[in-house]
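Each of the two complexes below includes chain A, the first together with chain B, the second together with chain C.
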Partner chain A sequence: MKTPVSVLRLPRGPDPNSRGFDPSSPRFIALCPTSISACNEPGTDAGSLQTEQHARSMMRERFLRCLLSMANKQIQFDMYERVKVNATFGASDIDVLNFQVSDLQTPIGVQSEALIRCQDVISYSFDM
Partner chain B sequence: MAMRQTPLTCSGHTRPVVDLAFSGITPFGYFLISACKDGKPMLRQGDTGDWIGTFVGHKGAVWGATLNTDATKAATAAADFTAKVWDAVSGAEVLTLAHKHIVKSVNFTKDSNCLLTGGNDKVLRIYDLSKPEEAPQEIPGHTASIKKALWCHDEQHILSASEDRTVRLWDRNTLEVVKTLSFDTSVSNMEYLADGDVVLITYGKTIAFYNAHSLDLIKTIDTPANIHSASLHPEKDFVVAGGDDFKLYKYDYSTMEELESYKGHFGPVHSVRFSPDGELYASGSEDGTLRLWQTAVGKTYGLWKCVLPEDLVSENPEPLLPVPAEIKA
Partner chain C sequence: MNTTSAWRQRTPRDWERYVNKQVHVTAHGQQQHRGWLHTVDPVTASVVLVRLGDAAGGCSVSVVMGHAVEQVEVVGEADEETAMRLSSLFRPKEREARAGGGGGERELRRRREALRGWLQKNRFPVEEVGEELLVAGVLTVRPPYAEQDCLSSNQIVLARVQGLVARMPAPAGQTSYDLVNYRYS
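Right after this comes the complex of A and B.
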């Protein structure tokens, strides 16, 4: 009767809430280039770096505020294949991969709850 | 004292795992990517199986996945008619390469500059990743879907396996076929080892080894079941294989005798690969799991811990688990 090999623990499974690639992991910190283009161009000074960083923060904040203001509003989504649909916006997921909407009006009926895949969306508009 | 193998089960996929690949050894260890019919290929730490991230973006089953040598890039082939290149550190999608049919296989050159793809439109394509807008070089010739396409001989040649029951060796510069191997049945999988210039081909219940230049047969191993995939140990000591009967088989490469067989998966095994250091091998199955198996059972490595009888008595700070209970879905 052979003894089974002992293990320290089981392999860690996926995190249900995110797609992973932990930015605080040593590998990420060592290998991931900064997304600020001013940093990568030679001869840029701290001033232009700061300007770009400021602009990026502003745009990000605007985008997040836009998502907040969309809650429970009627949105028109323009998508690929000439699809234009209206729906009531619910929420976005953390990576902005899916939008949760209600009462999605489609040519084959109204879907009471739906997820819209963001990569399929070209643009969306709404009255503020 | 002989020990019994404890495979490590990596869960997370919700559909069959159809392909897997290891990276080379990097300063951060080595990595494993798994292709799954759920459309969400995953990156894991190679020696522990710990999940690192999921590549999100494909709209169909992912049939093939690969990593470049230093695990900074990943490529995937999917049923949504695209191959995608990903940043394997951040998980971001870098490139989408549109094809005319389901893409089945992707392979990077050693310098990660070119990507070879093959799929159901029967054409091999070479993409220059530094000029992605440029049309790829195309190599037609196969008369049925391509299952696997691999660079070999310092990227001077390409090996391709197809449903047309042939394996072909192509010259990368002339884009012409150099040699063809014909089989009576479809080839299930293929692996190329630069060290030793060996190509491993599985078909039916056979694992066959050929010289990758001449395509002369070196040897064959006959197995009890239809084999879907096999892998040769980097030091050419062992061969591991898996297929329709859900088991993993281990053979001695020199004597070709069966050494061990392991049960564990709940479905046919679709892909088996040795890690770059040969200390473990990974298997992907229809049951949606990956399992990691030790080459030297009982050795302390990764999450496996060798427990000597004296250790069991003494104070041990690390919590040691006995055989982990199988979570039956």
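Right after this comes the complex of A and C.
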């Protein structure tokens, strides 16, 4: 009889019925500061909340479309400690904390698939 | 004061003021970036900078991660043409360009009628609102009435209707000559 293997319980994924990231998840609280500042200030009215939310949606939509256009393009990542690497962009996670890339060119060889932590990245660039 | 987190603490209305401006960004490690500010991501405060090429459309894009931004300085304003180019930069091809290739007004009307009939046959209530179709009160189909022209905030209805649009059969009674097999179909 084979030795039983302990079951690996993965953390729960995002709620499939919700529209986006979960601001109460420990991961989000630890790694992404809140930017809903209008809610935190006392004395804000519905009008200013609405304009703030409009600004947020407009800017987030532009950013998401930028991410979409990066798919399958060659990106150059500038990271800390003067590390510069090239890779083909695959996808980003919803909090923009990790990028999935292919053919990551590193000084010790090419990684066919890799996850890059966005916190290690200073900037990245690509050509349209 | 920790300068790197100061940028992230700004409000979205502050960030919005930098959109469509030419800026100079200082990042960690004295990295300097210059370009047109396309957007600031409200979740990570990352700054998307664009350097526009010639009018043909090539351009290069740099994104500075929010946690690495130290300073953002405005050095110029965009004129109307640049602002238009910036806002349409990552958008999909204009609908009009696709609709124009389809044969004009009559063709669009025919497709709208065909789609309306098909959806109603599949038990979806459809209403014509101007040139658009309103499906079940929650989904809008714009010209030229293809799968990617469906708009809805309800993802379940969107998926079902897009599937239906993709499976819509060619209109009955329309014969065409099949050049591969040399016959009418």
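Points worth noting:
Heads up, the rule we're going with is that the second predicted complex is superposed on the first by the 92 of 128 C-alpha atoms of A that agree within 3 Å, B and C clash if a C-alpha of one lies under 4 Å from a C-alpha of the other, contacts with A are read in each partner's own complex, and residues count from 1 in each chain.
One rule holds for everything that comes next: a contact is a pair of C-beta atoms (placed from the backbone, for glycine too) under 8 Å apart; a residue touches a chain by one contact, two chains touch by 3 or more.
Computed from a prediction, not measured in an experiment: that's the story for all the values here.
In the superposed model, A:Ala55 makes contact with chain C only, not with chain B.
When the two complexes are overlaid on their common chain A, residue A:Asp127 makes contact with chain C while staying clear of chain B. Shared-chain residue A:Ser6: touches chain B; no touch with chain C. Within the superposed three-chain model, A:Gln119 lies in touch with chain B and with chain C [touch as defined at top]. Using the contact criterion defined above for the overlaid structures, shared-chain residue A:Leu68 touches chain C, although it does not reach chain B. Taken together, the two structures place residues 21, 32, 95, 119 of chain A in contact with chain B in one case and with chain C in the other. For chain A in complex with chain B, the residues that touch the partner chain are 2-15, 19-23, 25-28, 30-32, 95, 97, 119.
Across the complex, chain A is touched by residues 5, 8-9, 11-13, 15-16, 19, 27-29, 31, 33, 38-46, 48, 57-65, 67-68, 87, 89-91 of chain C. Contact residues of chain A toward chain C in the complex are 21, 32-33, 35, 37-38, 51-52, 55-56, 58-60, 62-63, 65-66, 68-69, 78, 80, 82, 95-96, 118-119, 121-128.
Chain B contributes residues 1-6, 8-12, 28, 42-44, 48-57, 72, 87, 89-91, 292, 294, 297-298, 303-307, 318-324 to its touches with chain A in the complex.
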